[in-house]
Amino acid sequence: MKKVLFATTALVMTAGVAAAEVAVSGDGRMGMIYDGNDAQFSSRARVTFTLTGESDAGLSFGGAFRVDQESDYTAGYAGSERSAARGTAGAVWISGTYGKLSMGDVVGAAEAAIGDLPEVGYTDGEFGGDIEEINYLVGDGENEDQGPTILYEYTVNNISFFASATDGSNNSTYGVAGSDEGEDVPSDSVAYSLAVKYEGSNWWAALSYSEADVYDLDPTSTSVTASASELALAGGASFNNFSVMATYLKYDDRFVSGPVLGDDEFIVGGFAVDATLEETIGLGATYQMDAILVEGFYRKDKYDLIGGGSESYDSFGIGADYDLGGGAVLAGGIIDTDYLDDTVADIGVKFKF
Amino acid sequence: MKKVLFATTALVMTAGVAAAEVAVSGDGRMGMIYDGNDAQFSSRARVTFTLTGESDAGLSFGGAFRVDQESDYTAGYAGSERSAARGTAGAVWISGTYGKLSMGDVVGAAEAAIGDLPEVGYTDGEFGGDIEEINYLVGDGENEDQGPTILYEYTVNNISFFASATDGSNNSTYGVAGSDEGEDVPSDSVAYSLAVKYEGSNWWAALSYSEADVYDLDPTSTSVTASASELALAGGASFNNFSVMATYLKYDDRFVSGPVLGDDEFIVGGFAVDATLEETIGLGATYQMDAILVEGFYRKDKYDLIGGGSESYDSFGIGADYDLGGGAVLAGGIIDTDYLDDTVADIGVKFKF
Amino acid sequence: MKKVLFATTALVMTAGVAAAEVAVSGDGRMGMIYDGNDAQFSSRARVTFTLTGESDAGLSFGGAFRVDQESDYTAGYAGSERSAARGTAGAVWISGTYGKLSMGDVVGAAEAAIGDLPEVGYTDGEFGGDIEEINYLVGDGENEDQGPTILYEYTVNNISFFASATDGSNNSTYGVAGSDEGEDVPSDSVAYSLAVKYEGSNWWAALSYSEADVYDLDPTSTSVTASASELALAGGASFNNFSVMATYLKYDDRFVSGPVLGDDEFIVGGFAVDATLEETIGLGATYQMDAILVEGFYRKDKYDLIGGGSESYDSFGIGADYDLGGGAVLAGGIIDTDYLDDTVADIGVKFKF
């Protein structure tokens, strides 16, 4: 038996007004991962809610989140407080002629303009630790303890402007009154990111600048922090079935900690700090031919070690997708990265519902 | 691409029988909160499921819960076991000519009859710690360790009767056989609440009486507890665009603990007890003019300190909503309360989907 | 107001291709449980997503999970990592003329072929600790620390073949590259289960064989484990309104630990081991007459105690369902089991939406 679903809301509708809607879509995947030692089964199923509405004056508004983003663990932050119902997963937005304003777990302006390198494999790069994702200063973890991020986007002709920020208060959900966090919690500066992108007929270029506090040098004080900055430049082009992109990111004072690098350590504010990330270079290419899509990327990260000297970490990835139609894609990928000291691979099917 | 959703169930449908349905609706909000020290971004997106059906004999049944109520953390009880799938969030019900019977995380009879003071701001009072919510003895936390609450409602002519209870067993989910909780777990008395409400053409009045154990005076015994009681009286009226309400609650033996009051403490059963809540007075008013709604409330709580003396806590709130149509409302509010020692405010947009 | 829901996906649809769909269904229940000491209220509401699609070549694919399966706690494994978004709850599948291949938290082959004893009461046996569920070696907990299970099903004429396995790596989600679990984490052998079932017009018979590591005898080594095996035989028949089934399971080296049995203990690899489960006998019967369904089961588990001697645990259950139509069923049950040392009962209503 099949039944059409109905959504009841508290709205009083007037004729001619577009109905507010909740759209339900899903995705899934199944296959195998070779993690450098073992072959392992890996599968998942997810559902996404997309909320849309329009005010009487024609202002669009909406929101989106996945079911698994409502659970602290499955959002990938065990023990922390990620939740669309608390503004730290998913997003809400309003948009009109003046642009689009989003709030929640949105990307920073730099990532909105430039994006990441191509995702390979049926797990979209997860089997290789998502190394194809550029580690943007704003939006990729550094300022997520400040709660929801705000992102503004505006496009005129071929030029798009992006601006994003967090509020500078280290409260991972929102300002619960009475928590007096300004007095008790170490406070960061406002983290922000600005970007501009030009899109031609078969090429694009983007530039961004971002600042965020990455370390409380003295956790007992709220005044001494290391403020890191990021300058990013990127561009891409498409010709025939080919598409290529390149990106270069230059950092200042971006301290990174132990898990990544096992070298000399420097204690900053009680934390072990290994190194500063100095620059990242990323290259990506895709080739589409009928139902087949071939993708590859190369990435190099340069670190200055605190104890002196420097190190480079290289990562390569290549993958192929075969579109089975109806929302099913057969895909496989290989990633070789210095971060893992291993060559890893996956193969499987991914679905859209 | 848009696709109509279908729900498949195991039901064998016969012609003329109303289909069981799952309705999906949503809400969202975005804006800023001033918490007395900092301005902070605050946003959220949520989805609600409303389940409805009807038996062959015309008995209605249903249920409702939100996605975020399926996660222990996001249900607001970190480390505890709140879940619609376990009866401690959301609710299920059956209703017919004899009235409506609900089970789950339902309100107590007193709250069902009287309700709370008006919610102000785009976060519906959350920015002020939801101080507009009357702290009812049954249903607002005191007896939630007893698992699902049951609520019965029956209306004849202008009079509505309400009765609610929990089962007296301190098992936050349900009676898993073999836990032998009657022997191992400190057991409370059955908590219950009774209420009656009369609704005239433009006025209403309600009266309620509730009892619940608020303290295990000796946690090593199951027999010595403080049984608190609550007597509540409330009424309201509407004239032209105005609507007002007033409520008075008188308590006996309602011990409250440390976090609220920093004064003299008395150790009861291993807990630090500060005071007894003696009475609460609440006033609310709303004024609707076209798309604008203005709301305000005043609340006074009186405590007798265990060490002698008494204290009063005053709370004020005022807010305004502007209906943008289509499910969007622009709203802001200010709350000043002795509980926070701060004046807090919010402004933003809230959505219904 | 009622609104038809629409699901937007990223699919590019071509005419004539079946649309990928997300179906939303639900269930609920409310009633009382007598746990041997107290009567307790127990209720719940749940929602299930069923994802379906079809490739251009006619390959079916899909997935299914419940909202509460996205939360670590509510999936019943507090502190662990059960999630449909991580492959350890719910399932995804593809199927075609060659059979059906599923991955995720699927049943093992033995359970797919044989199933469990009849569920009684409105909580479907939960009030009695789900003692009607046969404790299959593969799929019922022993190998769930290996992440997703794979299940293959193929039917030709009246014969169905089933094969299931886990990957042998003790990684409860999937092989995150770089975890080097092959070196750090105690590894089990691949757990697998094979089964065959014949279904006649009014009878069926099934046979299965399963192997899984149940204990790391020395957790500091990856090489010494106890490999348990299970041989199962089952059959059933239906005549008039009656349906009966019987099952016999014989185990080798299936060590079980403390919580179940309070007798002599033997320390194996740092764990206290009481006994080995030697065999399980299960009988089930159902009688359907119009809207009334009567169900009953008997189960006997035999253990060899490590310190010498043996013990048997008997369990009985009986229940009745009355179909109210439209998805509502009135149901009650009684279970008496040596595992609880108690007679427990439930009565209530259960709903399908």
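The chains carry the letters A, B and C, assigned in the order they are written, with residues numbered from 1 in each.
The working rule: a residue touches a chain if its C-beta (ideal position, glycine included) is under 8 Å from a C-beta of that chain, and two chains touch if they have at least 3 such contacts.
The model shown is predicted, which means the values in this text are computed figures rather than measured ones.
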| item | value |
| --- | --- |
| Angle of rotation relating chain A to chain B [CA atoms, steps of 5 degrees] | 120 |
| Residue-number overlap at the chain A/chain C interface, same or different (half cut) | different |
| Whole-Å gap between the CA centroids of chain A and chain C | 37 |
| Residue numbers of chain C (touch at least two other chains) | 2, 4-9, 11, 20-24, 67, 70-71 |
| In the complex with chain B, residue positions of chain A that touch it | 1-11, 14, 17-18, 20-24, 49, 51-57, 59, 61-65, 67, 70-72, 81, 83-87, 90-94, 101, 103-104, 147-150, 166-169, 171, 173-183, 187 |
| Residue ranges of chain C in contact with chain B within the complex | 2, 4-9, 11-13, 19-26, 28-30, 33-47, 50, 66-68, 70-71, 73-74, 126-129, 324-328, 335, 339-342, 344, 349, 351-353 |
